[in-house]
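The same chain A turns up in both complexes below, where it pairs with chain B and then with chain C.
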Partner chain A sequence: MNKGFSVVGKSVIREDGIDKVTGKAKFADDYKFDGMLHAVMLRINEAHARINSVDFLEIENNRNVFSIISSADIPGAKKVGMIKNDQPIFCDEKVVTPGDVIAMLVGESEDGLRPLLSKIKIDYSPLPVLNDPKKSLDKDAVLIHPEAGSNLIIHHPLRKGDIQKGFDESDEILEQTYTTQLIEHAYIEPEAVIAIPQGISQGVKIIGSIQNPFSCRRIVAAVLNLPLAKVRVQQAHLGGSFGGKDDTMAILAARAAVAALKTGRPVKIRYSREESILESYKRHPYILDYKAGYMKNGKIKAIKIELLADGGAYTSMSPFVTWRSVVQATGPYEIENVHTDVRAVYTNNPYTGAMRGFGSPQPIFAQESLMDEIALRLGMTPDEIRRINGYKVGSVTATGQTLKDHDVNLITVLSTACENTDFAKKWKNNLKKKSVALELSKDSPILKDDQFIRPDDNIKKGIGLALSFRGCSLGAEGMDASAAYISIQNDGSVYLDCGLAENGQGLRTTYTIIASEVLGVSPDKIIYLELDTGITPDSGPTVASRGTIMGGGAVKNAAETVRDKLTALVKEEFKLPADDIISFTDNHVHSESEGTLASFQDVCKIASSQGMNLSAIGWYKGPNVHWDEETGQGDAYFTYVYGCQVAEVSVNISTGEVYIDKITAVHDPGTVINRLGAEGQVFGGVTQGAGYGIFEEVTTDKGFIRELNFDTYTIPTSKDISEIIPIFVEGKESYGPWGAKSLGEPTLELTAAAISNAVCNALGKRLFNLPLNLEEVLLNIKLRPADTKRGSLV
Partner chain B sequence: MEVRFKLNGKEVATATASNIRLIDLLRDKFNLTGTKEGCGIGECGACTILMDGRAVNSCLVLAAQANGKEIITIEGIADGDILHPLQRRFLSNGAIQCGYCTPGMVLSASALLSQNPDPSEEDIKEAIAGNLCRCTGYKQIIDAVKETAKELQLKQ
Partner chain C sequence: MMPRFEIIFPDNLSDALSVLSSGHEHMQIIAGGTDVITGLGQGSNRFKNTKMLIDINNIPEVNGIEIGREKISIGGAVTFSDILQSEFIERSFPLLWKSVSTIGSVQIRNRATIAGNFVNNAPCADTVPVLLVYNATIVIESMSSKREISLYEFLSGPYKTKLSRNEIVTRINIPIPNKNLNGDFYKLGRRRAVAISRITLAVLADVNSESKINEIRIASGAVTPIGTRFFDLEKIAKGKKADDQFFKDMAGKLGEKIIEVTGLRWSSEYKLPVVQQVFYQLLKGIERG
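And now, the complex of A and B:
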């Protein structure tokens, strides 16, 4: 497939790598400005309370306080949101979750300000606290946002076929409930932002660890009541985001901007890890009810799915996150009769929003557990049941979309994964080795001789797989278009920029490779410009794995626009026949009839001497998709990617510990543009997915988070995972640059489900609740401290 | 109080307060912002620096403790414009994504290689176990360290 490429698909070194490896790359907190002030946040220790009054009297004249900023200082919108404006910049009426901020003190140093926070007198009345999403929709439930009329954030129904008929015709029915947990993005760089006033007429400039400069700009402009053009957002190097530096950062930027305009000085806000975890949004915990009807031959006839997502205190991206869930909840299986309801609700818990995976890891855990259970009941192997039901070309999805016009590589990725791991054989062998169940005699707690476990007996091996399809880009969630800018200098060097922001994953490198391929210039001749909303056209957010397919499409279009101009010029200059084929490679321009004509540099020189414009704006717009809100039917996404991961684990049955021996990750991301980057996405995504599967969890007590730093919130370290094997099946695709699609999110969404199926293969018992930590594996329960302190109680 | 120490090869002296952490001194006084803060409690390793050749978390060290010591930060590990072999291998192996953990990783790895020129994979994992990376899954970092060790051995 990749034949004929000179740069695409090769391993190219990151264009920002040197700066990062020498410590020169500037992250948000590394920026300093003359006269810069700092800000600290005022909160109360309540998850739900009405604020009656705030009295700053005691600190107003303190020499460390330069200014006090609250809701009253906001000239424009006091509440904002990515979808619904329900989140206050500063809470003036009530707080609805412990991360909420009431006001902000601004001064020369954070250290001077912090001790003053406790001297501010806040009069408030606590309100009933709602933490259980299952009780959110009860008639007597307290309303988190009374103006919304209910605690329902969104409901996505989907109806296909006749669910009752489907169950009636089924040979067997299986009903299960699964749960997934709240987790933290845990980007290693905590949030930081600086707002710099630009004088009365120019508005404000924002520099920060911002995932989506354009959505940040929209919110800051609304809060300041300024035109978009007067808010310039520049992205600093971003120390990880994974979907997490969007809403939170826009709100921090707005707070800093309000303070900057009030004080006339640059204002920096930077969060400690504790504040970051306390206030930033997280991944939605789900409760997933599945009921499946199936035939003895393995064919699934009907499936009824009910998903409940805890949106926490604010809407954030919940409507879009849960929309992806409703589209993908059946998994990649063709089922005649589907009846799905997905709801997201408000609670007083930390709010939840976008996170890598975006509404897919939760249903995948449930649906892939369910498939394995059905296989076991029917005496089939996990791959057999999936081959019977899995999508092929022409299959119709739950939303009624026919899969065509691209390689529907679901069964290919499944077979590749199985062959590479000798899956079915290992899976059957593990099943035979029954786990040693300890049965203590009621009379005496002392083990009998034959009950002693030999060290080897403690370790059980397991293998499991998970399979998925994933819609690329935004789908029917929103307008899908992006832009890129290219400008070639008369010495042949190139400026490149794209409106889709780098999030640390290597998008800039991918774009550089694409431009390099089109123009035939080496990647080091291409200078990537910093994203600045003042220069780069709005391209929507870097979300939904749309970076490569959308941004890459725009970059290719821009580069081709100038290449076409140069092609015409070359034909004229060298008097070549009109049908001669001109190619651009190795920093030179060649023709089929004459061979190498000139260096790229010389051709650019000629172009500039003739006054030719060698800059262009490239544009890429996704094809139209459509969606019916009432029935959940339509062509949800314009194309899909497919993936299969196999997990091999060892489980210690006396401690409950799960060790990951090996993950084989087979993905079809379309054409691979940046090999080193693509492999990095797999290693990173699988590792995050493994953390989600076996130990990460943010637990709360009445809305208060227990794990506020990395001592208690543990993420995978270098010692937690062994081998990860990435395998790419590069399917054909008509969209995107040379058919390149998406990879970042598929790599993460499958891992937890594959691990869970492997643990079940090892233990002979199924686990229904993520994460599969020691207690879950050993006791099938989650132990929780009684309050926010450490220690365990059931 | 005054502290004197060797910083990236140069003798320096500066006034500091007794409650100032070394990370703040480096970032704020010397503008060496390559040293990052990720947790402030010694769990993430983003603030790793070399102190007399040992990798330490500069968020857990008081500025005063640097007195008389030799400190190397990420800005001081290359030989002028010539990258340290570890830096080169990090680049060629794709061991960098967002790059926030990178300075700490490079310094932890360099402390390992100066103490153990022939580390096993387990040794490498152990040496960077205190450096959290959320992006890379560690694989390409471990490979980079392995290859550097081999390269340095060949040179000797």
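And now, the complex of A and C:
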């Protein structure tokens, strides 16, 4: 840990914590306004259909209907998107997935409106439905968006070295296919948003459960055809997001805003869990083909990777999600010859976009499974093979970037994790005790005598690890800069705000700590303001684990700007030599020569009496990165973080249950700002990663989701995971506040892969398809109900 | 969407029964509401005509756990948390206590009732197999009648029972089992809490010192359309030696029986082998020696 900090690196309770646990925090649905109307969505039960006509005649004059909102009411862009404008606000011509909304009824109460939906006559012609991403690029495949010319959303190639030569020179070749599943973010708070008209010419104000207020504003402004400044977006407390309240929320905000401007009244949209799961985007399922050539000594010579991501019905974030995949698909291993193709395609399935991890958990599952398999074939332990191939200082990544200028701590996190878990010894022991997997026959469902397992033999222990590197922030995805606002009052109390939005991860507290450290005032004197696009400068989205590194950099810059002014002031005021060193700690200002000079409060009073401006906008801009689209070569990200997780599991060989005994999570996030917050990230990320590994899956039947609520969509509970041990290796870094980098996503991306390797260690058989649920573990299959009906609805 | 309804809170049985006496299908008894409210919210057919809910929690006659010499009597509005707090139940009805402890979460158990569990009669109702092996009977009252029938008889099909619209289950009576009956309850869900059961089994057996089975009671849930007893198997087992080979035979027979009553379903490929396996393991628990 860095020495000499007074707050940084300590455990600070989050500033919104008490309000949240006592129910006082205001979430979007808690906001109510005079004259507020509600809106309900019109959909059809089709995954792909042309809409011929919509007839509202029967309900037009119903007293519960205040207004009917459709595409015709949109003054500006009718189609939007985070990257490509292919998603209609209202699907008046065609629906391409069951979540699509055709129009919206607005009235005083949801209850009054809902029964009317079935009275609207929609004439439509069903179109062929495409659900299999592998068939998306077939010549005869139905086109989801004919104007795009093909179902290909994006193709990222990467070429390094000579792949054929690499395979030719390899001693052995291993080829495997892995699959990962569609999953839901499962934020506990479903979507809610209110649009409030602001007089005749002032546009609209949006309050909502919004992950990225600035992205939301851009889309609402485009839809309303208003200048950005006339759309003010205020973030309510967010009940979870995990990357999921971006596109969906922008579209809901736009619908509400169109209705608000048409009716002249505030309009609220809020979703039930079912509607939330139905319409919101999810994590991309991937099909991952890996072919590796390696030497008998463990060195990997060549790797050929082909990834296919199901983007579902819309582009959303697919190009960026899959871009991260192409950069990181080899894992943190230096390989001379790499040939990667990542494609995302359209289907009529629920669309997929950003989710914590963002294109990394999928390749990590494949690449870390593959590494373990190679180790097994060569008689090595999983850590040995990784030590041989893992990145060190000066290593060159698959994109041709040389890793330098920061602590390349990959081997350090690996060693730390192994030492803390006695990894190699346990791994070898389990291997010796491995069970022969039960052979079950489909034809004779009755067990034979020798197939019965004694109760004492049920549990097999397994240990497995996974390793990753991760590019911090946006990389070559786009412009990377953020802003913070600080304003010191004449009594020394402080207002702070940053353009990067709190997503529930404790960002506000992290920023408060940073300002507190710089100014030497205690965190309770710093009041964190709400994010409002009308007040705070655009800082890009809270994504890509960039909150601390980018927003933190801006906060530090803002705080230092005012501190430098105060430094100059006290030197003059106290007549100190120019080279005297002024420090700000313990709510006081000190000089090296004179000791404590005055309280921070008094210094601020002096400043104010002299008419000094004690507010500042801080700015932090990431260094330039570059990328060649054709070859997939370039310095993809300006810095990286490294992590290693070890999973210890108990597998019940009679039932296929996997229980997580312990996850040891070793991460290098750079400098830890809030220890409590950092540990929270690990606990949450690991739990989410475990859900991805063993439980969670959104399954579809012709595009229709079966798991529309948490009775069947099972996320882990506190009873499903035993111990989680966070360990931080704080590497040196020149970027970010005091070298603080990223942690949020690394904590999630490794867990499923580590668990899978542990299950393999326990069972002696490898599983290739996430999630490792009961059926997969026992039978290597996924079983699904024939349809989407719920038994309890009888 | 949650439909509009009226809710009343009668504070004695006769008031409640008199409201119910018309037998209107728009009236619905509510105890914990953990099935009724979620069912209403989902537009479940069973509840779709509900206009009035009759909350029975304030009725003394359907509350309390009474411990008698030969039986225990549990009120029709007693919650799972109440049951978990009873040391007598933990001692004398360990399978019941265990099944209750696996239900939902603390919040659910604080509201949900044992009567609600079997009146709703989902295939996965966790206390049903246990109540069946304990030979529970239930007292059903209406304005004009009072009857006591076995739970086995009461349950007629998935989400169906022999309850009439004008009746309330007032008590659940369970005979205190003879001391020689031992056994266990088994539940498999997709996770360790708030989980819908994939398989439940309950076994109670009296095995004598020569390892002979004097009596055995076997029930399942979730693998059969409703929780049910396996009387055929019980008969076969009677008098047999409780040894490893016999347990394997029994497990195979249970598998066959389940195919017979349930048929092959999408989940059979998993559930069938596993139910045999865990049934075998459950039987190992009654093995002497």
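In this text, the second predicted complex is superposed on the first by the 771 of 794 C-alpha atoms of A that agree within 3 Å, B and C clash if a C-alpha of one lies under 4 Å from a C-alpha of the other, contacts with A are read in each partner's own complex, and residues count from 1 in each chain.
Keep this in mind: a residue touches a chain if its C-beta (ideal position, glycine included) is under 8 Å from a C-beta of that chain, and two chains touch if they have at least 3 such contacts.
Note that the structure is a prediction, hence the values are computed from the model and not measured.
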item: Partner chain in contact with A:G677 - chain B first, chain C second, else both or neither; value: first
item: Which superposed partner A:D711 touches (first chain B, second chain C, both, neither); value: both
item: Contacts of A:I188 with chain B and chain C, given as first, second, both or neither; value: first
item: Contacts of A:I535 with chain B and chain C, given as first, second, both or neither; value: neither
item: Partner chain in contact with A:A568 - chain B first, chain C second, else both or neither; value: neither
item: Contacts of A:I581 with chain B and chain C, given as first, second, both or neither; value: neither
item: Which superposed partner A:S654 touches (first chain B, second chain C, both, neither); value: second
item: Which of chain B and chain C A:F695 touches, first, second, both or neither; value: second
item: First (chain B), second (chain C), both or neither touched by A:A229; value: neither
item: Where chain A meets both chain C and chain B, residue numbers; value: 272, 711, 716-719
item: Complex interface listing, chain C residues touching chain A; value: 1-2, 4, 39, 42-46, 105, 122-123, 158-159, 188, 190-196, 198, 245, 247-248, 251-252, 255-256, 259, 264, 266-270, 272-274, 276-278, 280-281, 284-285
item: Chain C contact footprint on chain A (complex, rising order); value: 110-111, 114, 272, 438, 440, 442, 445-447, 449, 451-455, 458, 654-657, 659, 695, 711-712, 714, 716-720, 773-775, 778-779, 781, 783-786, 790-794
item: Chain B partner contacts - residues on chain A that touch it in the complex; value: 11, 13-14, 16-27, 29-30, 185-190, 237-242, 272-273, 503-506, 676-677, 679-680, 682-688, 709-711, 715-719, 721, 724
item: Interface residues, chain B side, partner chain A - complex; value: 27, 32-41, 43-44, 46, 73-75, 78, 83, 87, 90-94, 96-103, 106, 124-126, 128-142
